[in-house]
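In what comes next, chain A is part of two complexes: it sits with chain B in the first one and with chain C in the second one.
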Partner chain A sequence: MNPRLLPLYATIAIFLVACVICYIQFPYMLSTRVLGNLLTDNAYLGIVAVGMTVVILSGGIDLSVGSVIAFSGVFIAVMLRDTGLPAPVVFVLLLIVTTAFGAAMGGLIHGLAMPPFIVTLAGMFLARGAAYMLTIDSVPIDDPFYEMLRKAYYLMPGKGRLTLIGMVMLLSFAVGMVIAHRTRFGASVYALGGGENTARLMGVQVGRTTVGIYAFSGFMAGLSGIVFSVYTGSGYPLATVGTELTAIAAVVIGGTLLTGGSGFVFGTFIGVMTMGLIQTYIVFDGTLSSWWTKIVIGGLLLLFIVLQKGLLRLTSARFSGGLA
Partner chain B sequence: MQTLRRLAPQIVTLLAVCLLVTLFFPGFLDISMSGGRLVGPVIDILKRSAPVALLAIGMTLVIATRGIDLSVGTVIAICGAVAAWAIAGGMGLWAAVALAIGAGLLAGLWNGVLVAVIGIQPIVATLILMTAGRGIAQLITEGRILTFTDPGFAWFGSGTLFGMPVPAVIWIVTGVVMAQLMRRTALGLLVEAIGINRRASALAGVNALVLLIAVYMASGLCAALAGIITAADIRGADANNAGLWLELDAILAVVIGGNSLLGGRFSIAAALLGALIIQTIDTGILLAGFPSEYNLVIKAGLVVIILVLQSPRLATEWYFWRRSVREGPPPATTKEHAR
Partner chain C sequence: MKLKTLLASTVAMTFIGLAAQAQTVGFSQIGSESGWRAAETTLTKQQAEERGIDLKFSDAQQKQENQIAAIRSFIAQGVDAILLAPVVATGWDSVLEEAKEAEIPVVLLDRRVDSSDDLYLTAVGSDLVHEGKVAGEWLVNEVGDAECRVVELQGTTGSSPAIDRKTGFEEGIAGHDNIEIVRSQTGDFTRAQGKEVMESFLQAENGGKDICALYAHNDDMAVGAIQAIKEAGLKPGEDILIVSIDAVPDIFKAMADGEANATVELTPNMAGPAFDALDAYWKDGTMPEKFIQTESKLYTPEDDPAGEYESRKDLGY
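The block that comes next holds the complex of A and B.
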């Protein structure tokens, strides 16, 4: 068996075990209604986690995404309120802005050889600050097009509603999987995660790839911002504080190594679903406080990291054993 | 003299920021004595920079070992919650302080063991406590904001010692003690050795395991002190908001202080100057009368400028450009390159 797939299998196994535990306690939890809500509630997180997975696969990190989501919501709300532009045009404008923002950060990281952690940290301040500059209040969005987006859904068997934003998330994961695993860009990302110097010697265009990676993450954060604004129906500059860390946690729970070079986009999907399931369980239980979510997610993080560490040691021991 | 040269960029930046603020707000440098305590914007900055400065001290050491500690903001919340819980439970002042510091050391021990013994990447290892820690703090406060009225404990946040606010005294003393401990003994050298190459330093006989754990515990201790100050300042423990995102400010302070995130050479004084620069920018923007909405954008802009100026690649190119200007065009022979 391919040892690279082991973390992914472990992630899926834990998700299934969690599902079984939930089913035993609350049989109604395994309905399409709950599934529909799970997809809708975690749509923005899932979309941004796709971008984060690609960034982490390349060995980088993007701390700016939470702020970019908040900026997107405010940008859309203010543009719709103050200009007569139709919503789709605003969407396109926003995606251009956030993609360019990501590309600029990628350019700085490559051009100045600065650590991604610090550059995206500055980006985080900048995006949040830009959101404050547009408005400091929560701006409601009333737009007929928005109403339509929010109400659009597909009725699954069992009366569960697969909303439009849930579908957008599933689509993002599909696109992310194709990009990461089936394109030249994806191969470059993995190579870069394995080591910048080796990647360069292999002929990867490091600069172009780095800019592309952060541009992709910026695009995904913008898309996530659109979805979040559809979900909440407003733009608020203080929204989604700390989402970047939740996204990173989802990626790690999904079995991707934070050192880069190893992991799967599909694992991140399972990671997001696992985190959503924990929250749903706490809602179903009713007596547990919400802070248990944080503690359980912390515990899961630890479990996965130790698991990966063990697997890594196991496989490396086997390889060195084979050489000897 | 050498120390001064190392600190020069940070001192110049701080002076430039101060000058900039004074241009917008002429009374910036005024200090007066009122009721036995010094009063003025500068004193205020010294007081308000206490949490970030304290965190920056511990963070400098952690970063010098090529690590990072994302959990410190959460540890502030935990220690604040523990202290408030102890005070509210009638355990007395010193028991509360001791318990809070114990909690900080325990958090540091946890991080240190994950990093040094299990060998998890520091950023992930501390991310665990960062996520779970707020839950733990809320567990202690039972989701409420625990308030207390103990004047003795509140002294840590709003008291005065020798005319200076107590938080300012605490961070300055901690910084001096820690810097002396690192530089008057071989400890600093050993920490740097681990950051440059852990394996090599271990082979050379440095007990990297114990030292790494100790460094994370020092970071936890600093966070505990910051937690005590934060809780004492508002006379309550807010598990949700105490120390929120302060770890990022602390890392920024360390980086503005010219310390490399890749470990090795470090300077605690420079990191403290970095913390002062950040706080001066924050306070300065408010004093200068800009709407607080502009705060983050201006801060981000200044940070980018400072970082670009400190960028390693830019520094190298500047060096080569200066050399080529001084020596004229480089000779065409390959002798220079062969060196």
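The block that comes next holds the complex of A and C.
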């Protein structure tokens, strides 16, 4: 069996076990209502995690996304309130801003050969600060187009709602899978994650790819910001603090190697769903402290890091064994 | 396949059927950022237990997204009612509409939302202006016609409790020209700041001899100020009257020692009135008022402060 697939199988197995445990304790959790909730409530997280997966596959990290989501919400709310531009135009403007923001960070990372951690940390403070510059209040969005987006859902049998934002997340994962696994850009991302020098030797245009990766992450963060603003119907500069870390956790629980080069976009989807399931379980139980969500996620993260380390040992032992 | 769905729905029906006997209520709490909020959580759990209500508690860790997700899960679970202490005022329309469609009444605790008021059953909360007014009226009764120079410790600048409690107090002393607020500064609702600002008040007012009373926007600042007054060699409660708001355990301790004179309660028991309203609603569909104002009760040394301290100290303040 391909050892690269092992973390993905582990992710899926954990998710299925979690589903069974939930079903045994709370049979009602296996309803379309809960399924719809999982997709809707985690839509913004899933979308941003798609971008994060690509970044981590390339061996990088993007700490700015949580702040970019908050900035997006505030930007949209303030623009709609003050300018009277139609919502779709504001969306396009926002996506241009966040994509350019990501691209600029990618440019700095490549141009100055700086660690992505530092550059995107600066980006995180910048975006959060910009959100506060626009407003310090929570601004409600009162727009007929938003009303329409908010109310757009397909009623599944059993009264579960497949909302528009849930569908946007599913679509994002589909697009993410195609980009990562079926395009030249995706191949370059994996190559870069394997090591910059090797990638260069393989003919990857490192600069262009790096800019592309962070621009993609910026775009996804912007899209996630739009979804979040539909979800809450407002812009709030204090929103989604720490979401970048939750997204990174989802990517790792999804079986992607933190050092880059190995992993699957689909795994991230399962990672997001697993985290959502844990949260739902704790609310269903109603007596456990909600901090247990964090404890279980912490435990899972540790498990995957150990698993990855073990796999790395295994593959490198096999490799050196082959040479001898 | 059909059998399976049938089975699943039977299980679901029994689940709902059981829930109808012992009422299940979901409570989405903001977090535990202050002692008062921890006490609110403790009291809500106690109230639910006393009434035989099965309470599902969810701490949102100060995040609106967690609160929305929790409410959706409550709806999916088919609870009989939802209590919500909202972290911000905006952004609740969708999820409140879902609750309404599922015919689950929502009661807001302590804070309000900007959604249309037909999306929730009622809101339970205190009137901050009224609290200040009660404190002001107490001072008016206490000093009678004597001259009284008051110093004021304000809450966090620009926060609604600070603004409203100031307004209320001024309303309470209006028309009594013998009472005058001579100094007013922010102590940021904290004990340390309260002490520091009080020290400067004492220096500025002839070592404190010209101050007749202190009005603090919360008990914590008053407790800090009491310390400062003692250090200046004066007797708090006698040389300088102390009136504050919140009724936390430590102010009762000070009161029992004769170092504080009055406090106005901001009750953490918002769940009691909420459950009362829900009981009436479940019984015969009685619609409560859209806002249930909790009592702003005045406590003075006559109200057994030592006993009050004992009964409150374990609530999590």
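Quick note on the criterion: the second predicted complex is superposed on the first by the 316 of 324 C-alpha atoms of A that agree within 3 Å, B and C clash if a C-alpha of one lies under 4 Å from a C-alpha of the other, contacts with A are read in each partner's own complex, and residues count from 1 in each chain.
Keep in mind that, in the parts below, a contact is a pair of C-beta atoms (placed from the backbone, for glycine too) under 8 Å apart; a residue touches a chain by one contact, two chains touch by 3 or more.
Every value quoted in this text rests on a predicted model; they were computed, and no experiment measured them.
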Fit or clash between chain C and chain B when superposed on chain A: fit
Touched partner set for A:Tyr132, first chain B, second chain C, both or neither: first
Chain A as apex of chain B and chain C, Cα-centre angle in degrees (nearest 10): 70
First, second, both or neither for A:Gly233, with chain B first and chain C second: second
First, second, both or neither for A:Ser289, with chain B first and chain C second: both
Distance of closest approach, chain C and chain B, by C-alpha atoms in Å: 5
Contact residues common to both interfaces of chain A (with chain B and with chain C): 241, 289, 291
Chain A residues touching chain C - in the complex, by the definition given at the top: 26-31, 33-34, 37, 40-41, 44, 138-140, 150, 161, 228, 231-234, 236, 239-241, 276, 279-280, 282-287, 289-291
Chain A contact footprint on chain B (complex, rising order): 68, 114, 118-121, 123-125, 127-136, 138-139, 143, 239, 245, 248, 251-252, 255, 261-262, 293-301, 303-304, 307-308, 311-314
Of chain C, residues touching chain A in the complex: 8, 11-12, 15, 26, 54-61, 63-66, 68-70, 72-78, 88-94, 98, 114
Touching residues on chain A, where the partner in the complex is chain B: 61, 63, 108, 111-115, 117-119, 121-126, 128-130, 132-133, 136, 241, 245, 248-249, 252, 258-259, 289, 291-295, 297-299, 301-302, 305-306, 309
